Amino acid sequence: MDYSSFLQMTEEFSLLAVMVILLVYDIFAGEKSHRYFQPVALILFAAHTLLTCIPREAFNIAGGMFQYVPMQTYVKTILNIGTLIVLLQAHKFLNDDSNYIKRGEFYFLTLSTLLGMYFMISSGNFLMFFIGLETASIPMATLVAFDKYNKKSAEAGAKYILSAVFASSISLFGISLIYGTTGTLYFNDIATLFTGTPLQLMAFVFFAVGLFFKISLVPFHLWTPDVYEGAQTNITSYLSVISKGAAVFVLFTLLVKVFGNIISDWQPILYGLAVVSITVANVFAIRQQNLKRFLAFSSISQAGYILLAIISGTALGMASLVYFVLVYMFSNLAAFGVLSVIEQKTGKVQMTDYNGLYQTNPKLSFVMMIALFSLAGIPPFAGFFSKFFIFSAAAQQGFYVLVFIALLNTIISLYYYLLVIKAMFLNANENPIEKVTSDFPAKISLVICTIGIMIVGIISTFYNQIAVFSFSM
Amino acid sequence: MDILNNMLSGQVPIEAYLGVSLIMFFAGIYGFLSRKNLLMILVSIELMLNAADINFVVFNRYLYPGQMEGFFFALFAIAIAACETAVAIAIIINIYRNLTSVEVGELDEMKE
Amino acid sequence: MQYTLLIILLPLISFIVLGFLDSNLKPKVAGAIGATVLGIITVLSYYTAFEYFTYHQIAGVYEKVIPLHVEWVRFTEFLHIDLGILLDPISVMMLVVITTVSFMVNIYSLAYMEGEKGFQRYYAFLSLFTFSMLGLVIATNIFQMYIFWELVGVSSYLLIGFYYTKPSAVAAAKKAFIVTRFADLGFLVGILFLSFYTKTFDFGVLTSGDASVFASTAGVSFMGISGMSWAMGLIFIGGAGKSAMFPLHIWLPDAMEGPTPVSALIHAATMVVAGVFLVARLFPVYEVYAPEVLHGIAYVGAFTALFAAVIACVQTDIKRVLAFSTISQIGFMMVGLGVSGYGGHEGLGYMASMFHLFTHAMFKALLFLGAGSVIHSIHNNELNHMGGLRKYLPITNITFLIACLAIAGIPPFSGFFSKDEILSACYKFSPYMGATMTFIAGLTAFYMFRLYYGIFWGKEHKHAHTPHESKFAMAFPLVFLAAFTVFAGWIPFGHFVTSDRANYDIHLDYTVAGISVAIAVLSIILATIMYRKESVVPQKLASCFSGLFKAASHRFYIDEIYIFITKRIIFKHVSTPIAWLDRHVIDATMNGLASTTQWTSVKIKDFQSGQVQQYAYVFLLGTLLIAGLVLFF
Amino acid sequence: MNFLSLFVLVPALMMMGLFVSRNRKQIQFVTATGATLLMILSGVITFMYLTERAVGNVAEMLFTADTVWYAPFNIHYSVGIDGISVAMLLLTSIIVFTGVFASWKIDPLPKEFFLWYCLLSIGVYGFFISTDLFTMFLYYEVALIPMYLLIGVWGSGRKEYGAMKLTLILMGGSALLLVGILGIYYQSGATSMNLYEIAKTTIPIQAQYYLFPLTFIGFGVLGALFPFHTWSPDGHASAPTAVSMLHAGVLMKLGGYGAFRVAIYLMPQAAHELAWIFLILTGISVVYGAFSAIVQTDLKYINAYSSVSHCGLVLFAILMLNQTAMTGAILQMLSHGLMTALFFALIGMIYGRTHTRLITEMSGLMKVLPFLGVSYVIAGLASLGLPSLSGFVAEMTIFVGAFQETDTFHRVLTIVACTSIVITAVYILRVVGKILFGVIQDEHHKHLTDATWFERISVVTLIAAIFVLGSAPFWISNMIGESVLPVITQLAK
């Protein structure tokens, strides 16, 4: 048997290479050369991002266990950029004395979750998929619990791992039933054999909730705010953007490629989930004082919006989905970036701490503001375009009422985003947060995000490029 | 009744296995929801995972004798379960270090 | 006759100049500019009159001359507002009246307003008013008339409120504007009706007597009243507002808060007769297509005349007396139009009312200016602070007397001729109408002489400084107008202004004349007895008719009714509730939505209990719920 | 991209200029130059437009340009203007210009203020030049959001409440609108989001039945349609001067303009069927607004409610669905835009001196502030429809046009609407009488200083515009009238 075809998995291999190099570096490098660990790591990863960003011809290897389509390159690149930004933001946090020795772990764990997502995305078989899923989530638990001496962090870790395993076991049970009813684990075969018998529907639901958990849709979202609050900010941002992004893409692919036959069954499910997620999350978000929790809820409602793209199941929807993830990544990471910069300096995450931030930190508050506006879908920022396209994709399939409900929710979301902006710009504060100077990598990350938010919408190339390779059933 | 006969005569029908796995699965869920001790919760999760594994094996053995997919999946699943447990245990230890207790009820600092 | 355009433009220019330079100009200069401009246009309009009446008569019928006509704004393919100049007998006559009186007032004001703050502003407004009023009378179409109608309204507002630091003046100005505005609403809707059916605003087309124009109105009726009656009735409401017909008269007495020359110009001679002019302008339409409205006008006019005359008998503020007498006289004019027919001898009433408009403008302006000079000399306009002023103010005394005789209808003064024509027209219409009007004429004579004696005779009052005859600038207009008043009567008016623009020879109806003169003389004698010397008769009368007297001196409580409607009903029971509704119902619902969301958010916060097992529980429920839905639906 | 896009470009450049400018001098320089440039630009556009028409170019839209933007959605960046847009551009330029001068000494953070101000004007300009549904909506939203910060930071009174309320309610409106737009696009089956492409198709009538209300209300919210007007009093009351001017003067016109361009133009059948409902609503707003204005005591509230009344008249006229009335509607937009801007400018200036907006606390200001006083009187006269000032022409056109509808329902509504001219007179004169006339009660008001030069510039510009529109309306009303025709033909289908 010829294994050379495996070499086609360039993204995975190059990432693996980066990981191994870093691992070796971390273990064997001396005290002096260790100083350069982070720069090296960042450069390596950036190189990896650049090298793997060119889409190739679609191919299957390992008998269809690993299926590549060009679209995946875009998704993986988006994830790479996101990870890069997160790593840049984490730079300072990792240079603290307490974490100095743990930097290697941090990178290794983060990148292994990324690798897991790669496999999840490219998988053509449930076994591969499940392995990917777990590879993506188990290291995540350790990351969440990264800060050993912090009660909150430990609690968050426990909550995450317990819920995650609970979810994945249910999901696994679902997969087993799918196997039982179809006799195969290959997506292509299942697609034809999956006819929608009651047991199969049951199996589908059991399986799907595992993904819903990852995307944290209501009512599978309850872990999200706690974990987001407890975990270290950069990890939270990673959690909220990267793993969620991967999961939504996979959800779309699976629903379209594997469960296309029962579209009439899963569309109502997504419909309901979208409505509930958006509304409940918004209503919760109104009250949040801790900004990390606040962003957690906002990300839940964003996930709800993403479903509007998935529900259409069209190529348009796929393109809009990926585009949305791209924009969402920039916006959310910008917000988290500001958050982490300020938290690392002052340890303040309460909304009231941000009162009058504009007086002392105009730049940071500006970035925060455009990030929030973009999340709220306000032009000329990218968020507006991504939202519009998603609504358009849904409307094209005739989901006017759903779009309408979603739009009414944008009012609520605008309200709470404005609360933060109000805090920063309007509210007076006699002793606001002192002038914060963010370190160089964080600066870069924020600049990248800002530029992204500014231009990704107005310049249509991004979307059109994505649209070229988008696919549907 | 005839199920019992078949069992006695050595050939166990698939339903029996599935019954067992199903019971294990929901027992696990029940355990997860009801136990107070984190370790016991972990054990319950193991139950759920293993139930799934049994399913795989049984389906493969009875319905699709020709192939090996189910068996392999089961193996992988067991391995993964092991990792999960390891990590979970580690975190639980961490919890114990912080709270000097492994009561799940104590993990409620963050809420609302 | 393009130069007539100057008559309009010059006042406008002077308004703009004075308005912009305002206090940068010396008062003297400003006054000079205003007066000169008026002088020029007066001459111009006299010349216009001369030229028109001599050269523009074809077979004894005066033609309509339109020297200027431009489209201003177009609404539909038929309807468009034009601006233009229409010269026909009545507009030319009005030109003469307006320019003359305005000129006189301008001169008079030089002295009267001397040293007032905002002297320049005053002259600017005067020019503005003159401009608007001229524009009104030479309008070629009803919408142009409406435009200038509004403009005179606003200039009257500005002039009444000239002493803007005086609350009463401000209130009066506001009242005048709003009441007339309310009437104008009627006017506007009337225009809309009329123009919709006739597809034109143009007077030429409307009054051409071409029946096809009104073809589409046939059979149109609303609430049992024909469309045309609606239209013309509503239009008349506009006229009634400006001309202070009952019950829209209430603004005029208050308007006396303005400077006296203004009262003379606007509220006696020119603006208040705009309504009469409007009816006269549309007379052919009224006469043919809405005769019942025309009769209605007659009755309204008659009632107003009586009503105002009665009030005038008991008022003590001399300007208010004159105001009510104005209302009453306008009533006469309206009656004249109302009872008139069209053409030749039928059209007597029309001619008469125009004639009366002409003469009345002169002698009423004279009366006001006289009153002005009295007030100017003793700084008070309460009748009971006056008396015995004849030896201090000889000129005023004489001219005032002449005016009183004129208005009382004593030959040979102008008032006699015009009023007499109206009376005879009334008798032709119905004897009762005639009788009533004659009686009112008597009343007029009575209250005018009550006023006269009250001012110039009777016992003297102590004054801060001895009153003295005012200087030339004020005396001259008095004399000039007095001369007019004396001789205007002899103008063969029928040769100039008639309903069908054809010549018509006035011949006095001696019986009517005799009766009216007799009654006038009697009432003058009565007044002489009662008021020439101190006497107890007035008090006696007052006490025995105390009810009537009280009511009359409170102007029959019309104002109170208005106050009630506006303050109590509109303000308290319409606006306030609406405003309340807006805040506490509509706005409250909006806010309610927001607070409800907040409330829910607080209520459901326990979902996030922090208990991982409870999370798993919800998770499981969700799964089973979805499964159930998928399986069973 | 053609030169129309300059209208968006210039403010963008202004923003960059502001970004680099260091002190107040430079800021003032940048803004003043930019605003003047925009004025000139709109003047040039008007001239070019009229010449084009004069030489007999009868295309619906002139100077059109079209570049594909988002191909998968057939979204084009397409611009073009007709008489109505030209009129609106003129209005916008005038108000932006005067707004700059009205907030010459804005404090604090002048730089940020003008940055947002420019973004706002970008939105407005863009809305008026674009002929693509998506682009329109985009600019519409661009115009909405700066309001929040502009009011929230530089406002007065309950500014945070007002700002939040205004933003959220308008956002609600745009939510309805977005559904409407998507519906229109997909139901029409057009191959482009361009208005004029969609107009060629016919949207199925049953779709129109729900799309028309969505779109009309969506725009109506911004046009202060009863009962969605409640943002207007609070919002305007707390907004800073220039923002009130721009918002009441131009932004509220987006509502009428959009309702006219999108709702009526694209869905004529539904317009015919459903007009009566909205006619009632607008009829209510006309009278309702006027009546509520009578009892208000805060100058800005009075003006806000009068805006409700006047903008109600705009929508009212549009719904009459005949050429004259629609022309009147556009004229009314212009005239109301100008005079309400003038009002807000003056109110701002008076407030800046007396530090109160309650008419009960002011009196006799005419003595100390002759310039502002006279200007206020002129504004008032314009607003109560004095001939030779803009209000008259607009209202008369509307009433004459509305009266062309022969049935009793329309007749009665028209007459009801007419009554507003009396009520308007009442509250205008009430205010004038209370604050300007009489004698000064408050000692501090005795030595107030009259308008400064920059205030005079903005006030005089507005008055001049009002006067021109009022006394020489023919050219502009013809320009608008002929541009209304396409809609009329659409309605005739």
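A, B, C and D label the chains in the order they appear, each numbered from 1.
As a convention for this text, a residue touches a chain if its C-beta (ideal position, glycine included) is under 8 Å from a C-beta of that chain, and two chains touch if they have at least 3 such contacts.
Only a predicted model underlies this, so the values are computations on that prediction, with no experimental measurement involved.
Asks: Per-chain C-alpha centres versus the global one: which chain is nearest?
Replies: D
Asks: Is the C-beta contact count larger for A-C or for B-C?
Replies: Between B-C and A-C, contacts are more numerous in A-C.
Asks: Once you find the CA centre of chain B and the CA centre of chain D, what distance in Å lies between them?
Replies: So the centre of chain B lies 67 Å away from the centre of chain D.
Asks: Between chain A and chain C, what's the gap in Å when you average each chain's C-alpha atoms?
Replies: That pair's centroid distance is 78 Å.
Asks: Quick one: report the Å distance separating chain B from chain C, using the average Cα coordinate of each chain.
Replies: Chain centroid spacing, chain B to chain C, equals 99 Å.
Asks: Using mean CA coordinates as chain centres, what's the chain A-chain B distance in Å?
Replies: 29
Asks: Among all residues of chain B, which ones touch two or more of the remaining chains?
Replies: Within chain B, the residues that touch at least two other chains are 32, 41, 107, 109-112.
Asks: Touching two or more other chains, which residues of chain D qualify?
Replies: 168 - these are the residues of chain D that touch more than one other chain.
Asks: Do you know which chain C residues sit against two or more other chains?
Replies: As it turns out, chain C has residues touching two or more other chains at 594, 605, 608, 610, 612, 616.
Asks: Which two-chain combinations touch?
Replies: The set of touching chain pairs is A-B, A-C, A-D, B-C, C-D.
Asks: Along chain D, where are the residues that touch chain A in the complex?
Replies: Counting only chain D, the residues touching chain A are 69-73, 134, 137-139, 141-142, 145, 148-149, 152-153, 159-160, 164, 167-168, 171-172, 175-176, 178-179, 182-183, 185-186.
Asks: Can you check the complex and tell me which residues of chain A touch chain B?
Replies: Going through chain A, the ones touching chain B are 126-127, 130-131, 134, 138, 141-142, 145, 148-152, 154-159, 161-162, 165-166, 168-170, 172-173, 175-177, 179-180, 183-185, 225-226, 229-230, 287, 293.
Asks: Going by the contact rule at the top, pick out the chain A residues touching chain D in the complex.
Replies: 316, 319, 373, 378-380, 384-385, 388-389, 391-392, 395-396, 398, 400, 403-404, 407-408, 410-411, 414-415, 418, 421-422, 425-426, 460, 463-464, 467
Asks: Across the complex, what residues on chain B touch chain A?
Replies: By the definition above, chain B touches chain A via 25, 28, 32, 38, 41-42, 45, 48-49, 51-53, 55-56, 59-60, 63-64, 67, 69-70, 72-73, 76-77, 80, 83-84, 87-88, 90-92, 94-95, 97-99, 107, 109-112.
Asks: Can you list the residues on chain C that touch chain B in the complex?
Replies: 605-606, 608-613, 616-617, 620
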